[in-house]
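The two complexes that follow have chain A in common; it is paired with chain B in the first and with chain C in the second.
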Partner chain A sequence: MKKKSLSLLLALVMLVSMAFTGCTTNNNGANSTNTGTSTDTTKGKDDLGIALITSAAGANDKGYNQSAIEGLKKVKDEFGINYKVVEATDVPGSLTQLASAGYKLIFSLEYNFDALINGVGGSKSIAEQYPDTTFVVFNDNPNVKEDGSVKHKNVVSVLFDVHEASFLAGALSTLVNENASALFNSADYAFTTGAAGRKVGFLGGSKSNGITVFGYGFAEGINYVAKELGVKYTFYSDYNAGFSDSAAGATKANTYYTDGANIVYAVAGAVGDGVDAKAKEVKKLSIEVDANKDSNQPGYVLTSVLKNTEVPVYEISKNYKENTLDQINGKVLSYNLASGATGITDLSVIESKIAASGKAKWDEIKAKLDTIADKIASGEIKVTNAQAGEAFDKAKLENLNMPND
Partner chain B sequence: MSLLSSILYDMVYHSAPLILAVLGGLFAHKANVLNIGLEGMMLMGAFSSTLFVFLTGSLWVGILLSVLVTLILGLIFSFFGITMKSNFIITGFGINIFVLALSSFILKYMQMANINVSSIVDVTGLKINIPVIKEIPLLGSLLSGHTVITYLSFILIAVTSIVMYSTKFGVYVRVVGENEEAAKSVGINSTTVKYAAVLIGAALCAFAGANLAVERMALFTNNMTAGRGFIAIAAIYCGQARPLKSSIYAIIFGLAKSLAINLALFAGPISGLFEMVPYLMIVIVLFIVSAVETRHNTIRGFKLE
Partner chain C sequence: MKKNDTILKNIFNVVFPVACAFVLGGILIAAIGENPFLTYWVMIQKSLFSVDGLLKTLHFASPLILTGLAIAITFKANIFNMGVEGAAVLGGFFACVVGFTVKGLPTVLHIAVCLLTGIVVGMLFSLIPALLKAYFNVNEMVVTLMMNYVVVEIVKFLSQGVFKDPSSGYVSTYPILDSAMFKKIFNSDLTVFFFIALLVFAVMYVVFKKSKLGYEIKAIGKNPEFSEATGMRVKNKIIIIMLISGAIGGLAGSGFLMSEKYRFTMDFSGSPGLGWDGMLIALLGSHNPVGILIAAIFYAALKTGSEYIGVFTNVPKDIVGVIQGLLILLLSVKFLNERFRFSNKIRFLFKKSSKTDFNK
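Then we have the complex of A and B:
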């Protein structure tokens, strides 16, 4: 009897949950977390506003997604446009539901384009099904045919020039490494000094253009400063760190630190958190990515290379407000250092660790970085953009030895 | 020399959680319960230990609470798998998926990307340096500078052997596993024995997770166990669920991981290949073991364990 009633209960629970799942998907779009304050369905379609699908990291990632949502909040405050945020569990499904619900501008932060651009399972692509809706995708430009022409007029691709920001991070790393003894209190850190310490590490989650773009920019930045100073650097790199095994990533970073590297840059999701923890343990430095994670292990994260999604979200929403979306439709929008959508942090966290005697040197380094940023903006310094398919030639980096690349 | 010693050190580092999961899993395995939920239990240990350390501010209270929570998880597994007689594989996978979702849900709810307790736990301070031994070149990195749970895991290999082969409980576990009807006929409560076997596994997995997360890194990141629970299951099978033999396989996998990490520095562009070493090792070892076993098998059509 007991068993029977239990199984009945379980069946009931299942039934109820299924019924409710149906409700949510039908009414609100897929698995919505309603951060948008006023998505009242009783209002007319014109009030729907803008929709955004987060990446798997979720809305509270303190970075990539969160800053995009900040952008939408700003849009709401300034233009009074409503917005809706959907967590990515089923990107194609959410895209379809949001588009059919009448949203005319949809941002999709997840790296998932196939159903949108090409269509899956023999069905028409989502972009083709909803020609009146503008879809904005990030970090890649999937919207091209083989001959290079645009596939869908209603898709916008947003790219961040993270190679330029990584170049800055590389330049900063070299400058800090060369002056470590002057900048920091020797009690706080255990840097390897001299030629043995002229090594920098890079950990990537996978060997793809989206990751190597960071590594190559970083390497070129190191080489640029090393050349100026007339020193030789070694660049350890590994593009197989994955994105979840933070323990293995930390051990791998440890091999770099033990071998003399003072700074390790990780572009590998959660593995980066492990590298930061290891940096603190061995009293050296790490570099973070995507969001401002300088406070992850305060004083041991040198800087973070940012992808500030707020800027493109705000600007594209402005086009939506002014009914000028057709100006950007079908285009690839690249956001460079000058736009503020990418760059490195303001270095305020690491600055608190700078010794009083090193302040002058530190200001000098910051001024130097500004000069380099200006030179990148003016085109005087050209950084390889692997994301755009540019080839990287390590032989050109005369002052950098890259044994693992 | 320094390469060799760091290989040895990292081998011990990465073996410890595997050994704990192996020892935990083989009790269940001997009691004829296939505990595929080791991965989930380990992740629960990693997650809850970091969370409780974060909340309570004390390392050992956190680890203790984490063991309790993981025991509850073990009870859930046992209730469905043993009392309700559902399929172990389905239940185990349920546990794995549930813990993964639960941990990322709570992180999301607390609005954190990871749980960082480095302000509470001093990772360097947890390492125990043994006075004389740490000076000896290779032996020093092998034996000295590890954490409490790491040492515990190696001690537990011996303890498990004794419990399994020299105590009444060990005999009960094996009898229940080999022939449940026979065990029942002499008055052994097979359900209790199975529950106990699974719960021992859960507790040890909690330690494995705590070792991986709090003790070594003072950090929890999503899905940080990254398949170690499944490698433990492979080690149990390779070692035919004998404590020492299975643990040696766990150490071999730890060595493979350590080689992959340490040799990558010197391998040049092919360093990616080393990432396959641990997994390749599993396939090769399982193949050789089963080939040898079949050869030594005297009963036709049966595989002895």
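Then we have the complex of A and C:
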């Protein structure tokens, strides 16, 4: 009995540890290529250059982090500025080390601001300890006092108007769904038609403002077009998909697809890979997020909602190169549709699947999207920005039924 | 003489796997084209031989000392409590809730209340498997292991719901108030929490080595039926042992939250979590309090060292994850060897095949 339970225990410990080391080694293998390319860049002690701390997803996440690193690579190629990429679990500790090592520009892609902005455990905030270093944080603006004034002059917040990009994706989804039979060859896809097909699915990684901002914008986009066309849509959502389990994502997406949804949008990291694969399997469509992942399953990814960190990283680094960081210090940099840092893809991958007879309709849809984008830019269309704390009122979406928001 | 021999053997049994893990890790580092000696030097020098680094190491060792002890006390009694992770997470979560909801308390009192909450929550959590084990003989390993998942879902639900910080872009509770934070000593990472962990270590040392309970734990671990026959009330003892384990686990979680994380997020415990790390530490320290103390500091040095590696060399910090994995693997081999005497069997096979004299 004793031996039996002991061996069981051992097997368990091994399993648990292997599972964890399994994923870390995996990361490691992928990461080595990355650090390999920057090997020569970090050796020169005299010019340290720029440092970047990745989020938990790691340097090779094919999206958020990787695009930022692409931006740094571009900076190195063009301006010859070195860079250092750090995958940290202890973000405040790494910020301190990088700042004290002498880096003057540090990007932090992780959500972890308490120690940087407010200081914890009675110590001064990191931003205050290293006033000569510029810290750039993403997706949130923690750098404000309660009266709205700026806390630290050396912190820059970068925000993306992803709610607007999601709105476009929602509008596109409805337009494509309504005209699917005209646009595509019926042999390629198996869309559910008629009222039963007026359903859309959304998978979010967690129920937080950083994720709901995508879902709400998407819902409003669907509603906008549905209202114009006078049809009613159903919006299924699940905000508990996590960020790693692509198999579970595929299963969830499948329940939406079998229920009649033709398009499922996943804002949940690697979960999206599973959704794309499932879309191909059931011959329907998915929508990706962060980077341009239209080629993940060519023809079955309708579009990707971009949150391109490359653009701000490149632009801020340019300020660093030109010694003009003080122009942006303490500011909030908001990237809208026009900046190119957010938006939807150019749709070239899905376009190759459009039937010859549907080309005219397709051009019409694209023109329609441009008009909507203009209306957003001019303020005629107002999209709820959950990330900025704006409340979302689903009762206002008359043509959209949200049974499980 | 014989006692000395076994101590030496024990030390060898721990040091050898550690050394092997480092050698294998070194080969990997060399394989990606970096200098393993330099990498290890950065790791050791920054995490143990610099004041800041050492204090940081001790800071991160604090919760690990506690989870290691929490695991060891049950394992020594042959109760396989997998629930220390759950107790730590739950303890941390509720300490956090008290940390931001209760307002207006002086610092010392607020910290004490938060820690106490963590301890009580940890004990309540461990009471369920303890009662099931003691009175219904339900396998505690299964129950505790599964309860960890329940805990994850509960805290996820609560931190996305009632306790959610609406201004935060990710899943997170409110940060705890300043009065509930352990203050950093001399602007280093170290806080009073480390000394609390040391105090618990001292108490547990006495319990293990000098107290009646320590003797009973050992006896129950060796043979529960015999212990019952000699007059120990094994059921009660199982419950007490589990409660102590839960209390220490809860303390580990709440202290870690109040000295390092300051708000509860879904990655609070890290991966592997505090409890799983504690299991490795208990194994590494051979369920001996002093061994656990050393192992926890060693393990924390690996952890902080891994962060420094990421910043100061081009070796990905995940190499430390590899070393940890190898360590568990090699330690398990030693464990197997002790229990099943593989080496003797192998030796026996060799002797047979080489036809040596058996009648020696």
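Following the convention adopted for this analysis, the second predicted complex is superposed on the first by the 352 of 405 C-alpha atoms of A that agree within 3 Å, B and C clash if a C-alpha of one lies under 4 Å from a C-alpha of the other, contacts with A are read in each partner's own complex, and residues count from 1 in each chain.
As a working rule, a residue touches a chain if its C-beta (ideal position, glycine included) is under 8 Å from a C-beta of that chain, and two chains touch if they have at least 3 such contacts.
Treat the numbers as computed from the prediction; the structure is a model and nothing was measured.
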Worksheet entry | Partner touching more residues of chain A, whether chain B or chain C | C
Worksheet item: Should A:97 be classified as contacting the first partner (chain B), the second (chain C), both, or neither?
Response: second
Practice prompt. Using the superposition on chain A described above, determine whether A:236 touches chain B (first), chain C (second), both, or neither.
Written response: first
Worksheet item: Once the shared chain is lined up, is A:140 touching chain B (first), chain C (second), both, or neither of them?
Response: second
Discussion item. Applying the document's definition of touch, where does A:121 land relative to chain B and chain C: first, second, both, or neither?
Written reply: second
Fill in: Contacts of A:207 with chain B and chain C, given as first, second, both or neither
both
Practice prompt. Scan A:247 for contacts with chain B and chain C and give back first, second, both or neither.
Written response: first
Practice prompt. Name the contact category of A:387: first (chain B only), second (chain C only), both, or neither.
Written response: second
Fill in: Touched partner set for A:367, first chain B, second chain C, both or neither
neither
Worksheet entry | chain B and chain C contact sites that coincide on chain A, given as residue numbers | 3, 207, 239-240
Practice prompt. Spell out the residues on chain A that touch chain C in their complex, using ranges where they run on.
Written response: 2-3, 5-10, 12-14, 16-18, 20-21, 23-25, 27-28, 31-32, 35-36, 38-39, 42, 56, 84, 86-90, 93-94, 97-98, 101, 111, 114, 118, 120-124, 139-140, 206-210, 239-240, 387, 389
Worksheet item: Which residues of chain B touch chain A in their complex?
Response: 2, 6, 10, 13-14, 84, 104, 108, 111-114, 116, 118, 123-124, 212, 216-219, 221-224, 226, 257-258, 261-262, 264-269, 271-272, 275
Fill in: Complex interface listing, chain A residues touching chain B
3, 57-63, 207, 236, 238-240, 242, 244-248, 250-252, 254-256, 258-259, 270-271, 273-274, 277-278, 280-281, 293, 296-297, 403-405
Worksheet entry | chain A-facing residues of chain C, complex | 32-33, 56, 78, 80, 82, 141, 145, 156, 160, 164, 166-172, 175, 178, 181-184, 187, 189, 191, 259, 262-263, 266-267, 270-272, 276, 279-280, 283, 304, 307-308, 310-312, 314-319, 321-322, 324-325, 328-329, 332, 335-336, 339-340
